[in-house]
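Chain naming follows the written order as A, B, C and D, and within any one chain the residues start at number 1.
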Amino acid sequence: MVDNNTDIDFSGLKAIFFNGTLTKSPEPSHTDRLIHISQNIMNMHGIKTSVIRTIDQDIATGVWPDMTEHGWEKDQWPEIYKGVMAADVLVLAGPIWLGDNSSETKKIIERLYACSSILNDKGQYAFYGKVGGCLITGNEDGIKHCAMNVLYSLQHVGYTIPPQADAGWIGEAGPGPSYGDDREDGTKEGYDNDFTNRNTTFMTWNLMHAAKMLKDNGGIPAYGNQRSEWDAGSRFDFANPEYR
Amino acid sequence: MVDNNTDIDFSGLKAIFFNGTLTKSPEPSHTDRLIHISQNIMNMHGIKTSVIRTIDQDIATGVWPDMTEHGWEKDQWPEIYKGVMAADVLVLAGPIWLGDNSSETKKIIERLYACSSILNDKGQYAFYGKVGGCLITGNEDGIKHCAMNVLYSLQHVGYTIPPQADAGWIGEAGPGPSYGDDREDGTKEGYDNDFTNRNTTFMTWNLMHAAKMLKDNGGIPAYGNQRSEWDAGSRFDFANPEYR
Amino acid sequence: MVDNNTDIDFSGLKAIFFNGTLTKSPEPSHTDRLIHISQNIMNMHGIKTSVIRTIDQDIATGVWPDMTEHGWEKDQWPEIYKGVMAADVLVLAGPIWLGDNSSETKKIIERLYACSSILNDKGQYAFYGKVGGCLITGNEDGIKHCAMNVLYSLQHVGYTIPPQADAGWIGEAGPGPSYGDDREDGTKEGYDNDFTNRNTTFMTWNLMHAAKMLKDNGGIPAYGNQRSEWDAGSRFDFANPEYR
Amino acid sequence: MVDNNTDIDFSGLKAIFFNGTLTKSPEPSHTDRLIHISQNIMNMHGIKTSVIRTIDQDIATGVWPDMTEHGWEKDQWPEIYKGVMAADVLVLAGPIWLGDNSSETKKIIERLYACSSILNDKGQYAFYGKVGGCLITGNEDGIKHCAMNVLYSLQHVGYTIPPQADAGWIGEAGPGPSYGDDREDGTKEGYDNDFTNRNTTFMTWNLMHAAKMLKDNGGIPAYGNQRSEWDAGSRFDFANPEYR
């Protein structure tokens, strides 16, 4: 069967993937394998993508935009943040450890949160108009638990979450092979998992569709959601229930 | 200060709120008070809204669209589901018990999940094109934990989650008054909480903006995300990493 | 290899298992199959066990000890609560739906919480001196997420959680067979999972050991943890940091 | 009112507290203030305590006992781990960021998990016989969510969790003062919170009682829970349900 092609033009969009693996380069990351599936689809449609393996970078720990102003010698986050702001799509990917997101994934969420007080020129949080997704790999349990936290965090700081914006792979309960590990028969673990493949594909397309729709519509309309206006006294038809 | 009005026309949109309180009518629900703030804004802009207090209804427990086909005498869900499908916006609201969502909130998530295999005429999950939000009240802890689960569940079955799609009120750690309870000075608990008021307002507007944008754009474009097409063999540029 | 037997005498202990499945009897419950492994070990050592499938019972929804005093016609919880109080061990078992505990599991947690204000004759919460565990089955994801909430809730109301007090079975990511389902080769899904078998066994023994130790030692010593004493003004060497 | 003293002798016990704050010394940590309440009670009863602020240490990120064997130049964890093994009580304390544990707290959980394959001389996981607790501070939401993950992780690697083993302080929903911050009237935020004070006191005493009980009883009895024995073929009355 041949895919009936879409004629939607996604060129001009940009996407950034973070990989919160605890494994430094050049050792391979299982999560990278899943990222590549999504990245590949985006690339085929003219979307510029980049992948940042956070543990390879000197990203400081903390909740300020630039930690060199708070006692850290180095901090690559301010530079990376420029890439986040340039991107229409952010995918936070990572491994599962003891059923939860890695400390590297948490560190990135903290740094995104640290920048959530920055406003765009309409007075909305700076991440408004962008879309977010999540990819998780582990050997046995926790995709949804991890994705729940990632997607919640992204929408909290201003990202839009399209339908079915997460995907992942885990094996049966207990220790076992990880995503893409060699099987005895020469195939790779998880690559034939229809659910993982479908969800990764759907997530990718929904991110693309939602990012394009938001871009074409000029982002989330700026009314009722501008922090600057609220702080200045606008209430956008909010009525205190005490006085209604 | 006067609100500068928006000229966006939201009439024609519909919203449904579920309240997962454990308190039966006619006793008041604290969560209802927060719902009314959001509902009021929507109503002022011509959106038709309805609120369903689930514990007042004969909604069966289970993971099938109609539980009368699975051993239950009564099940009002199939009727309620029609209202869910007619609505462009769904807000799942509820209380916190022991830091987590109530069993009533979980029951509604189970019933929504039960219907997630139903497809629209493009082959997408039936909830595609709709937007979801979350309102939580409690006396001390757990808004984000509860919202994390609610919003994750809604995006999983096909809802789009706009930015900052949750709001809530809790008091300081420990037992204490609930939202809207009388204070000694005649005011009401939480009604003067700027964070709760702002987040509820922003959530409401973002749901409205995203619902309108999706409606005006004909929903999420149907390419790369149709279950029927995937099952028929379309792969939408997904490439098995083993063969790339 | 033959088990070297233990000479510890566990007779006199009692255990209660709750099964939060959404499936009514007489249809089989996958979770029941895992419960039976644990129950069987306990029975072999003279522990009296009972299993309650909550969806078969008329257990009201709410956060009071007896909901017939709060608008419900029937409520079997007060009777079931007697069994909880008579038991030294409580295991809260259940299925995974959309990555989380079922609404039936949440209902039982709410009812246990509703009884957490009841004190024993030393002034401790009534569940002190008892031990708690958790068993979870699903087809693909969420054991740890579900167990996290169950075990947290049990310790919060007074249960002691011994080491490795949870176990479960899930299959690879995506829809698939459930625990104990027939395989084509005549074996049963999950029954040969060494991790599930080991964890279920370890959980069971740790519950037995901890329950016996607590019973032999007269429960958790009553000093520093009596709600009645605290409310009467005892502070047990707590010093307000402001005045230290 | 005077405390009636306990005559239980806790001397000989040791406790270690980890503080997962993102703030480096010498800046004050809000979480430290809560730790000191618990530490103070223990010290008064002859328990040797130590507090490690993890962000001040060169603790590598990863899931191996010694990361210098895996590409890291420095790693203080192997030295810190000796202190963990010497302690009968471990309290994992930390702040809340975006409703979840900090990346520093996650890093410590990863390192504890990395050591969970180490066995004691009975073949049990090395953390068996120790007890664990949790202290959380934040300005608005998330004590239970954070504690849920911490306590689950600790029991998973072998710690016993006594009743009510967590405590914390958060303020009302929204940004606001943190624990111990100065109020205008000269008092400190949260220090008069009866719930926080009581829970911190109860947690501390329950950790002390459970640690002493386990020590006096020689730890968790070694039968049915020895990884070495299971791997060698012992089954401790586990019966495969397929053959029962």
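Everything below uses one rule, namely that a contact is a pair of C-beta atoms (placed from the backbone, for glycine too) under 8 Å apart; a residue touches a chain by one contact, two chains touch by 3 or more.
For clarity, every value in this text was computed on a predicted model and none was experimentally measured.
J.: If you take the chains that touch subunit B and keep only those that also touch subunit D, what is left?
T.: Touches both subunit B and subunit D: A, C.
J.: Quick check for the class: compute each chain's Cα centroid; which one is farthest from the centroid of subunit B?
T.: Looking at centroid distances, D is the chain farthest away.
J.: For the homomeric pair subunit A and subunit D, should the interface be classed as same or different, according to whether the shared residue numbers exceed half of all numbers used?
T.: Looking at both copies, the contact residues mostly coincide.
J.: Half is the threshold here, strictly exceeded: which of A-C, C-D or A-B has more than half of its contact pairs identical to B-D by residue number?
T.: Equivalent contacts to B-D are found in A-C.
J.: List the centre-to-centre spacing of subunit C and subunit D in whole Å, with centres computed as mean CA coordinates.
T.: 22
J.: Quick one: subunit B and subunit C, Cα centre-to-centre, how many Å?
T.: Using C-alpha averages as centres, the distance is 31 Å.
J.: Measuring centre to centre with CA averages, how many angstrom lie between subunit A and subunit C?
T.: Centres of subunit A and subunit C (C-alpha means) sit 36 Å apart.
J.: Among the residues of subunit A, which are close enough to touch at least two other chains?
T.: 98-100, 144, 148-149, 152, 156
J.: Spell out the residues on subunit B that touch subunit D in their complex, using ranges where they run on.
T.: 98-100, 140-145, 148, 168-175, 190, 193-196
J.: With touch defined as at the start, can you tell me which subunit A residues reach subunit D in the complex?
T.: My answer: residues 22, 24, 27, 55, 61-63, 71, 97-104, 106-107, 109-110, 113, 149, 152-153, 156.
J.: Would you pull the subunit A residues touching subunit B in the complex into a rising list?
T.: Interface residues on the subunit A side: 1, 3-4, 6, 8, 33, 36-37, 40-41, 44-45, 124-125, 127-128, 144, 147-149, 151-152, 155-156, 158-166, 180, 187-188, 191-192, 197-198, 200-202, 204-206, 208-210, 213-214, 217, 220-221, 223-225, 227, 230, 232-242, 244.
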